[in-house]
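One chain, subunit A, appears in both complexes that follow, with subunit B as partner in the first and subunit C in the second.
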Partner chain A sequence: MSDLLMDAANNLNNESIREWKRAGNRVVGYTCSYVPDELFFAAGILPYRIRGFGATEATIGDTYFGPFICSLPKAMLQLAGEGRYDFLDGAIITPGCDAMRRLDECWRKAGEDIDGIVPKFFFHFGVPHKYADYTLKWFVEEIIRLKTAVEKHFGVTIEQEKLLDAIRLYNRSRDLLDRLDELRTCEAPAVSGTDALAAVLAGTAMPHDEYTKRLDGFIQERKSNAVNYRGRVRLMLVGSASDDVNLVRLIEGDRVVVVADNLCFGSRFQADRVDESGDPIQALARRYLARNDCPRMFGEYESRLTTLMDKAARAGVEGVILQNIRFCDLHGAENGLFERDLEAAGIPCLRIEREYGPLVETGRLKMRVDAFLERIWQRRKAS
Partner chain B sequence: MRPETKEYRFDWMLWTMFLAGSRLKNGTEKEYQNTLGYVPYFSGILEALYDTGAPGKAFLECLAKYTENIVFARERGRKTAATSFCFSPAILHAMDIDPICFEVISVMQTFPYKRGSSEFLDFCNEAGFTETSCSSQRGSMGAFLAGMASEIDMIVTDTPGVCDTNANAFAFAATYLKKPFFTLDIPSVLVDGRTDEFQLADFRALIEFLERNTGKKLDEDKLRDVLREMAKQDDMLNELEDLARIVPGPLPGAFNLMIYASRFMFTGMKECTAVIEAMLHVARENAAKGISALSGGVENMRAFFCYIDHYTHNMDFFKYFDERGICYQGNMLSRSWSCDAPHVDAFGTEAAAYEIDTTDLDSMLRSIAAQNSRMPMVKSIRGPYDAPDMWLQDTLSLAKLYSADCVIYNGTPGCRNTWGMVKLLARDTEKAGFPTFIMYGDAFDDRVESWEATKDRLDEFFRVRRLLA
Partner chain C sequence: MITAGCDVGSLTSKAVILKDGRILKTAIIKSRPKPADSAVEVMNQALSQAGLSMGDISSCVGTGYGRDRIPFVSDTATEIACHGRGAHWLVPSARTVIDIGGQDCKAIRLDAGGGMLKFTANDKCASGTGRFLEVMARLLGIELSEIGGMSAESKSPITLASACTVWAQADVIQHLNNRVPVADIAAGINNAMAARMAIIVNGIGCERDVVMTGGVAKNAGVVAALEKMLGLRIKRISRSDPQLAGAIGAALIAVDREKGGAA
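On to the complex of A and B.
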């Protein structure tokens, strides 16, 4: 994989960001995949998915959040408090879940104690929890509200043609990610799950035009490469936000290949396309709100199960790892239902509750994955 | 789950227990006292309620009626809807649907049993639900998931955007039980024309859903009756809230529970009116005599709870305050946000309140949508805690209005929302001059922190902050 892609996937303030900032450009961070990146790209602003990756303690996170809170927003706050997001010119908080919603107050209040950690542009983006004509109308208005605020704060104009260009560019990268997926899900996977996650993550942390070129190059390189992961146990990774390639690396070791995922930092990012005809704001709203893959969209379990089953069948997975960060009730509860339904369909599942962060539970996780692999090997022998 | 727990239908057991409880004082005092000895885990709550006189009896009758409705809904040809405490049941009553409020039933289950709702809490985990989710739903949801209670026909909630953990519990139940499911979605800003229009559209969609699943059209006259009854209840509640400002306090602590539980069960119905009327009679009498409702007659201090009460251990919660001469000034659940509420008037927050207008269908729908979106929690934690009309403003306003000497937070570890901001809230309430205590137990599950430990910590708080000698 290109060093630049790997760097973007593994470093918060990566080389692409530094170069972007050196050129006098702005970066706006967001916490949830329901924020339309295209809007920012069209404004000449780099949209950046805020992560908790790299936090090594929770002293600041625990000061503001209570104890019974998922460690992902705590890690994000920790990094912000340590000044590691100082390169952000703006931040957008969405009601992705209860804990993520409260990052709003916790970040602002931490900013009263630690100077300069709250970006000057700080915006609450209201995303409905269901798809209907009136929720779509609300979401369209919300995108317009965000657009207006960005234009006013940063002194830019988001022109319709530029927005359409951005939509086309992001659709192109989604097409490429689909091609990457084909290399991953085929009988002899040419791409590991670790590299696939890194490839998606990089797209959330570097200028998208550059990213698309690099991604294309990576796909060409893998296509011509003879190396593959045939024979390994084929697993799928599902559940809570997971932006640490090391978690996938830990699962894969030298016996597994993660051939599919359904993570919001992972392949969910490439699902669907934005309609390139008609009003771009309407098109963005339809794509971002209608993509009901996150359990925050209540009452859509059946469609998410169908998506999961389709992905599992397409990738020929032998087992599914359903993981959730402790206190992530949404994914945790849905994983319980997935486990019931996937097992009933003959797909072995491993349900893991974990902490987000610097893989402090490596031994425990590895042991559970190993036990799961034994189950799958026994099935292989029996078949 | 123990085999004996599965022997009887859960809701039938609750109904018979509360029915018997509501009739306990029909005989002689001696019979009453003797019977208490046979229900050692229920006696505390029965005494706490009967000590309030007629209101306690009316409230027990209300609880019995609520469970009776659930048990016999099928026989009576009525539909049931599982719902949340912060979803106003008014629209359900107006459409002849019997609500099954998970949180209310969890509290009821916690009252009479030695083990509280622990077996049903745990059954949810067996069914695949997370153990970290809120115990307020799990306590009764487990019984429904286990098939030990009456059939639910549909599930409705209004917590997406307010408490996703809550919404998630109902979404899980809907999938698990394969039931029709509807959610009202809540924007983060309260006072906003765009929000009003969104909520109205959402409420119309809810009515369509209810009509589809009951096969009945909304009856405008019935809705009007419910709303008029609700307005009458609001007027009485406003007077009760006003009386609560008097020092010494004329309202027994248990009144607060009775206020909100009656509303969660029977808003807009005569059953709720009967409880409020009885409470108002007692409070007026106490106020006229200038006496405290505390059993010792002496009020040492006043405590305001900024979230919910503690329901385990025979409801020792109210006894604890009563024994120490602490006037318990209620919590966020026991407040009404009608436009004539005393705190609304005192702090000029009319824009954040609701008004009942029964002129026509449109005005009624607007009224009921506005009232629903001002239910506890929906009203005050939909947005940032420090935003206008949200949790901090409400807490400080109410604590000031009711002359509280301290603010106490109690919830459940499953409350992702409040735990995401309670430290910030406590910092601000302390700055505003209110000693603030955060309880780390679980309102529904003693296994998280024993009631004895909770009492010790409360005692320590009152002692260290020199609130009590």
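On to the complex of A and C.
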């Protein structure tokens, strides 16, 4: 994988961002996969997915959130409080879940105590929890409200043609990620789960035109590479936000290949396409609200289960790791249902509850994964 | 064929030497800070009792949290596989194994042949583990081995409001200050421990026969409370010390692997 992609996946203020900023350009961060990147790209602004990656303590996060809540938004606030998001010109908070919605209030409150940590453009972007005609109408209005606010604050005009160009570019990167997926899900995977996650993550943290070129190069390189992961145990990784490639690396070791995932930082990005014909705002609203497979959406469990079953079948998955961050009600509850239904369908599952942040629980985690592998090898021998 | 199993846990390390399907010698020691030191010491104890040297062991499987740092093992297996294998050998009718070790607890479902069907382990903290009991025994000024028998002496067990080891300590101190009999406090501690474990066991679905392994299986108070909460009898292990089940399983897996079989 190119150093630039790996750098973007593993460093908050990576080289691409620094270069972008040196050229006098602006970066707006967002916290959830329901924010349409295309809108910012069309405005000449770099959309950047805010992460909690690299937080080593929670002194600031705990102060404003309290202890009994998901550690992801706390880690995001921690990094903001430490000044590690000073390169952001704006931040958009969404009610992805209750914990993430509270980041809006906690970040603002922390900003009263720590100077300069709240970007000048700070926007709460409402996202409905249901997909229906009336919620779509609301979501369209929210996107227009966001568009207007961006235009006013940054003194730009988001023209329809530029928005369509951005949609085409992002769709192109989704096409490429589908091709990458083919290299990952085939019988002799040429791409590890670690590299696949890094490839998607990089797209959330660097200019997308440059990203698309690099991604294309990475796919070509892997196509011509003789190395593959045939024979390893084929797992799928599902659940709470996971943006640490080291977690996947730990799971994979030298005996596993994560051939599929359904993570919001992972392959959920390339699900479906934004319609390139008609009104672009309507098209963005339809894609981002309808095809995101997050348990935050009410009444869509069956469809999410179908997605998992399809992915498992396509990738020849031998087991599914259902992980959730501690106190994550959405994924915690849904993982219980997935476990019930996937096991009933003959797919072994391992449920893991973990803390978001530095990988400090590696021994505990590794023991569970190893025991899960023992279960799968036992099935292999029996079949 | 002589094989061995070495289980380096967080609190104790265990070694078992197996000859032709029978336990030859065993050893249990308090774990040292370095897993390799614990492994060498406990294995040397077992070997010396048996009048053997490491060269007499055809293969040795390591398990426990320190399994990857044991210098003399030929292979490793997780404590989940080892406790499952060991429990099935000790009680062939076992379908659910409850293992409470020093700092984690696990529930394992087995098929009729002893194969692992499913497992779960505590994810949150040290509550419901041997460490919890150790801390509480120290607080009560009694030996860890005494705490289990005290449930039978209790007339009115206390209720611990918190499952957290640290908060539970504060509760226990409060009860001691209020001159609550030690047996009632100990019984409350055993009940709290069983309650934590019952949640984990019910999470994977409990199927008869149920056996308990690990050091806490020797705590009669926890076992009795758990039986009450699960509404079934837990089969006692009589062939060996239940604390040795992981090391026994490791020695059996060593046999299986030598024969090229399962596990």
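What we mean here is this: the second predicted complex is superposed on the first by the 382 of 383 C-alpha atoms of A that agree within 3 Å, B and C clash if a C-alpha of one lies under 4 Å from a C-alpha of the other, contacts with A are read in each partner's own complex, and residues count from 1 in each chain.
Definition applied: contacts are C-beta pairs under 8 Å (C-beta built on N, C-alpha and C of every residue); 3 or more make two chains touch, one makes a residue touch a chain.
Everything quoted here is computed from the prediction, not taken from an experiment.
Participant: Would you sort A:Asp104 into first (subunit B), second (subunit C), both or neither based on which partner it touches?
Facilitator: first
Participant: Quick check on the superposed pair: does A:Phe218 touch subunit B, subunit C, both, or neither? Answer first, second, both or neither.
Facilitator: In the superposition, A:Phe218 contacts neither subunit B nor subunit C.
Participant: Does subunit A have more residues touched by subunit B or by subunit C?
Facilitator: B
Participant: Examine A:Ile352 and indicate which partner it touches, taking first as subunit B and second as subunit C; both and neither are also allowed.
Facilitator: second
Participant: Is A:Gly363 contacted by the first partner subunit B, the second partner subunit C, both or neither?
Facilitator: Touch partner of A:Gly363: subunit C, not subunit B.
Participant: Looking at A:Ile69 after the superposition, I want to know if it touches subunit B, subunit C, both of them or none. Which is it: first, second, both, neither?
Facilitator: A:Ile69: touches subunit B, not subunit C.
Participant: By the touch definition at the top of the document, which applies to A:Leu330: first (subunit B), second (subunit C), both, or neither?
Facilitator: In the superposed model, A:Leu330 contacts subunit B only, not subunit C.
Participant: So, A:Tyr134: does it touch subunit B (first), subunit C (second), both, or neither?
Facilitator: In the superposition, A:Tyr134 contacts subunit B only.
Participant: Name the contact category of A:Ala371: first (subunit B only), second (subunit C only), both, or neither.
Facilitator: After superposition on chain A, A:Ala371 lies in contact with subunit C alone.
Participant: Which subunit A residues come up in both lists, the one for subunit B and the one for subunit C?
Facilitator: The overlap between the subunit B and subunit C interfaces on subunit A comprises residues 326.
Participant: Can you name the residues of subunit A that touch subunit B in the complex?
Facilitator: 63-70, 73, 95, 97-99, 101-102, 104-106, 108-109, 124, 126, 128-130, 132, 134-135, 138, 141, 295-296, 298-299, 301-302, 324, 326-327, 329-330, 332-337, 339-340
Participant: Of all residues in subunit C, which touch subunit A in the complex?
Facilitator: Going through subunit C, the ones touching subunit A are 65, 77-81, 104, 115-121, 123-124, 262-263.
Participant: List the residues on subunit B that touch subunit A in their complex, please.
Facilitator: 127-130, 132-133, 160-161, 163-165, 167-172, 174-176, 181-183, 185, 187-189, 194, 198, 201-202, 205, 384-386, 413-424, 427, 440
Participant: Please give the residue numbers of subunit A that touch subunit C in the complex, ascending.
Facilitator: Those in contact with subunit C are residues 326, 343, 351-354, 363-364, 367-368, 370-371, 374-375, 378, 381-382.
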